[in-house]
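Next come two complexes, and both contain chain A; in the first it sits with chain B, in the second with chain C.
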Partner chain A sequence: MSHYFKLLALEVRRFRYILAGMMAYALIVECLAVAREIHNYANRYGIKEGTREPGVLPQTYSFADVIGNVQSGFALAVVLPLAALLAYVLLIWYRDWFGRHPFAFRLLMVPGGRISLYFAKLTAILLFIFSMLAWQLVAMAILKLEYAVVTPELLKESSRFTDAMYASEIFKLLLPLRFTQFLINYGMGLLAVMLVFAGILLERSYRIRGIVIAALYLALNVTLLVLASMSIELPLYPSETVAVCLTIFGLEVAGAIWLSLKLITGKVSV
Partner chain B sequence: MIRIENAHKRYRWRKVLDGVTFSAEKGQITCLVGMNGAGKSTLLKAIMGLTPLSKGSIRVDGVGSKRELYEKVSFIPDHAAMPGGYRLEDGLQFMADYYKRWNEARANELMAFFRLDPRDRVGNLSKGTAAKYGLVLGLAADTEFVLMDEPFSGIDVFSREMIGEVFSSRLIEDRGVLVTTHEIGEIEYLLDRAILLKDGKVARDIDCEQVRDEQGKSVLDVMREVYRS
Partner chain C sequence: MAELKADYRQSVRLKRKRIFSYAWVGLLAAFSIAALAVYYGYASDERLPGFHLETMEGDATIGSAIQLDGSYVGRKGNRTMTVDAEGTNYTDANRVGRLFILPFSKTYSAATAALIKEHRTFMRGKEYGTFEQTDDLLLYVEVVPKKGEAIVKLSVLNKKTEKAVEYSWAAGTWKPRENVGLADLQIEGKHAHFLLERYGTTQSNMQSDPQLFDYVFDLTAGQLIDTREIKLPVQAGFHLSVANDRGTSINLLHVVLFASREAGAGKEAGGDQSTPAASEKAQIIEYEPFIYDYADGRLQPLALTIPVNMEHTNNYVDGDKMYSVTISGNSTGWRGESFDITETDLRTQSETAAYTLLASELGGKELLMPRFMDGKFYFVVPGAQVNGAMGRVSTKVTVIEAASGKSLYQGQVAYDGPSSEATAELKDTVLLNLELRS
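Then we have the complex of A and B:
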């Protein structure tokens, strides 16, 4: 167990600057988008701090309204870090295999460490995803502060933090209001990472043949998931539909872990 | 003792190992000799579980399990096997974190012997310096066996001398050493046994001292007989 935590700390240390960079990027883009939106709105009504053009009656502009109108800014802030995280799902393995001094040699020779290595890499990815998510909540609080500072008094209107959060389409997707939806979204994300890990380990074990096997393996799992989602249309009780979906999800998770551990402990090559 | 029995390995359609059987004893320096692509490095990696065999078995002191393997056997590949961004001291800390048998005093002694700066980064090391650092990482642990893959490859003459000194030092004494090298001349006089691989099989398994005494031949002479025939 101690090796697992050490390896997890190692993975976090190796990604910390990229993670910090992604967080800074997301915050800067969102701050700029909010500032620009408020500035444009104020200009539309000729409002400067404390004064307004005569004859124009501006509507107030709450923080939730601002967030609702910067969808593209938020998308820009989230999509790039998300793409980087998706790329890192591959890189977290491949970076150890390539370069002048492949680190995979050392990692695979850690005493009793291969299973820990697999789970450390998996946990690290989840940790990065949830860190970005938590950072988005912090960023929202910072944006609210920015709103309070840059919005002219005439336009200010109070709004609830949650209203502002769910005015953003991206936030609705990242942090669904319903807990079951949250579990489904992140459960599917976790399964996707596990399937990709199994695919990578197939490729690292059987090289070119492994790519073909991995493609077939991923196709089979995706097909099963599609079939599971189609069970909604079958004449089943809701509880039976849930049971079918959960069984297939559970089988795929168990299958991905079993295959990955089998490969990493006995088949993988450097 | 490391015992390799009937090892088979294929890379796609090419048979690299075709029933290789030999053993490496504790307290002896055993050299794996062969042309390029003869499967020498593959054998070392297979012992460490870094590549699976198609068929055959590997046992260390009679045990086939990998559970205790990495505390018993250390492997020195032909590169440092550490992230390029790491400082040398980070690599030493990594080893100390994971290996019960890591000997910090010996690691420091070796760093001083090879005149390595702990603040240097792995990515900036020359091939020779990386080889010396690899030796520090491999020899500082109190393992019973040491596997070395091409320790002299692409290294300047002075670094070779330093690495050669290690072979005759107390760092190697009492341990079993299995080494692959093309530069056999560097350590020929220190070898106890040589395993000559040809066409995926063991062509000759020689007791170096016996061949020297009884036939008046060096390992190089035997290599000429095997590889020129």
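Then we have the complex of A and C:
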């Protein structure tokens, strides 16, 4: 267990500056987008310049309205870190094979087995993803403070935090209001990461042949998932369809772990 | 000694560094768990507003069989929901990423859900067809196309033994651009009657030359014993509408058929032809009602008074009585400010009762076309905008005795939360569809 924690700490340490950078980037872009939107809206009513027509009351602009109208700003803030995280799913393995004296040589020779290495990398990816999600929630709280400071009194209108979250298309996907939906989205995400890990280990084990096998393996898993989703057409009750889907999901997760551990313990070499 | 001290200091530094690196992991994990737990603890689905159907007056057991369907269009987007006496059920799922989502979001109609609860094995895969039941039997029928033929698939469940038997038979051809469907299903003693309607469609999707067949099935012998074609004595080019029996009587079974014919030019005596709406309205020039008796297969013309606003009339048969519900006053689609209701005795062909129901008397601005079941009308009174104030009054349900118009039940949708929030939450709640569990 201590090997696992050491390796996990190592992975986190290696990525900490990039993670901090992504968090800072997301916050700055979102703060700028919100400030710009409020500024533009206030200008439309001449509030900032003091050219407002007397007697004309401007339409109030709640925090949820602001978030709803800065979709592109939020997309810019979220998509880049998301792409970086997706790229790191590959890099977390391949960076160890780079260079004249690959670090993978030392990692694979660490006493205590290679199983810890696999789970440390998997946990690290999940930790980065959930940290970014948590940071988005903190960022929203900061943005709400910014709204309170920047918005002219005439435009202010109270709104719930969850209303603001639901106003953003990207948060509907990343942080859905329904917890079941959250579990489904990230369960599928976890499975995708595991399948990619298995694909990488196949490639590291069998090189060119491994790429072909990995492609076939991924295609098989995707087909099974599609078949599972099509089980709604069968004369089954919803609870039974869910059970079929969860069984296939469980089998795929177990299969990916089994294959990855088999490869990392017996096949992968530098 | 100095060397030892230096080694010790270095060892302490290394230990601190290691602890610090672990701290990063702990910090990120704690941060993630705490933020997501607070978010989902606060913003989970349970935080969506809850409502229930509250009995204001009359028999509460009537209210317990009612379910209202609609949506909550408030702060968290458009969410489909059902409200009944027990509470609220949000039936949708966020449709982002459809894989694995559909099983969570599948819903059944209130009546089908009630049948599934009672006969789970029999009801498997039975959803889109027609049901009919007596105290002992539950029938399910579907008409499906197969190799150019219309196949009637019948499932009969003995409710006492929970044993089911399946039957099927070919009911003629099913050509392209032809519609074949079940217009009525009735159980008459040991016989079941399947009224099959078959018609082609014109370019403008209108019915053309409808044909009606009564398939008589012996439930005891488990075989089809007769096929009767019901030929309406009207000129070609008519349309057909069917008023089914929705009553409890199993001895007096008949169906009322309305044949209507279009006039080509669209001219209405004394009518205004200047607007397109007027000319459209003028296209239907006559209705010819007929009564078909299931027991002896007799078809007879009916001498009924056809309401002027027939295109906004629904007819319901209950044994010997037929109830016509016509929208009067300002009407939009199938809703209006008042409804004229008449009761007709089908044997004597005379009007036996007539009354008008005003939305204003039921605490609303308009009424929706009702549901009819076992001699009762179930009206939804939508939550209308409150004059001079923000928000709406809540949706109401009124159940009346069809024959007399006597109120049997009155209920309203009530908010489960604090009364200070009620107006705002009810404003965002639209419940327009009424379903009955039986």
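Note that the second predicted complex is superposed on the first by the 262 of 270 C-alpha atoms of A that agree within 3 Å, B and C clash if a C-alpha of one lies under 4 Å from a C-alpha of the other, contacts with A are read in each partner's own complex, and residues count from 1 in each chain.
Just so we're on the same page, a residue touches a chain if its C-beta (ideal position, glycine included) is under 8 Å from a C-beta of that chain, and two chains touch if they have at least 3 such contacts.
Since the structure is predicted, the reported quantities are computational estimates derived from the model, not experimental observations.
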### Query
Looking at the overlay, does A:111 come into contact with chain B only (first), chain C only (second), both, or neither?
first
### Task
Please name the chain, chain B or chain C, that touches the greater number of residues in chain A.
C
### Query
A:99 contacts which: chain B (first), chain C (second), both, neither?
first
### Task
Identify the partner contact of A:166: answer first if only chain B is touched, second if only chain C is, both if each is, neither if none is.
second
### Message
One more residue to check, A:267. First (chain B), second (chain C), both or neither?
### Response
first
#### Entry: Shared chain A contacts, counted only where both chain B and chain C touch the same residue
10
### Message
For a test of understanding, state which residues of chain A touch chain C in their complex under the given definition.
### Response
5, 8-10, 12-13, 16, 64, 127-128, 130-131, 133-135, 137-138, 159-163, 165-166, 172-173, 175-182, 184-185, 188, 225-226, 228-229, 231-232, 235-238, 241-242, 245, 249
### Summary
In the complex, the residues of chain C that touch chain A are 18, 21-22, 24-25, 28-29, 31-36, 38-40, 42-45, 47, 75-77, 93-94, 96-104, 106, 116, 120, 124-125
### Task
Name, in rising order, each residue of chain B that touches chain A in their complex.
45, 48-52, 66-71, 75, 77, 79-84, 94, 97-100, 122-123, 130
### Task
Could you please specify the touching residues of chain A with respect to chain B in the complex?
3, 6, 10, 14, 99-106, 108-113, 265-267, 269-270
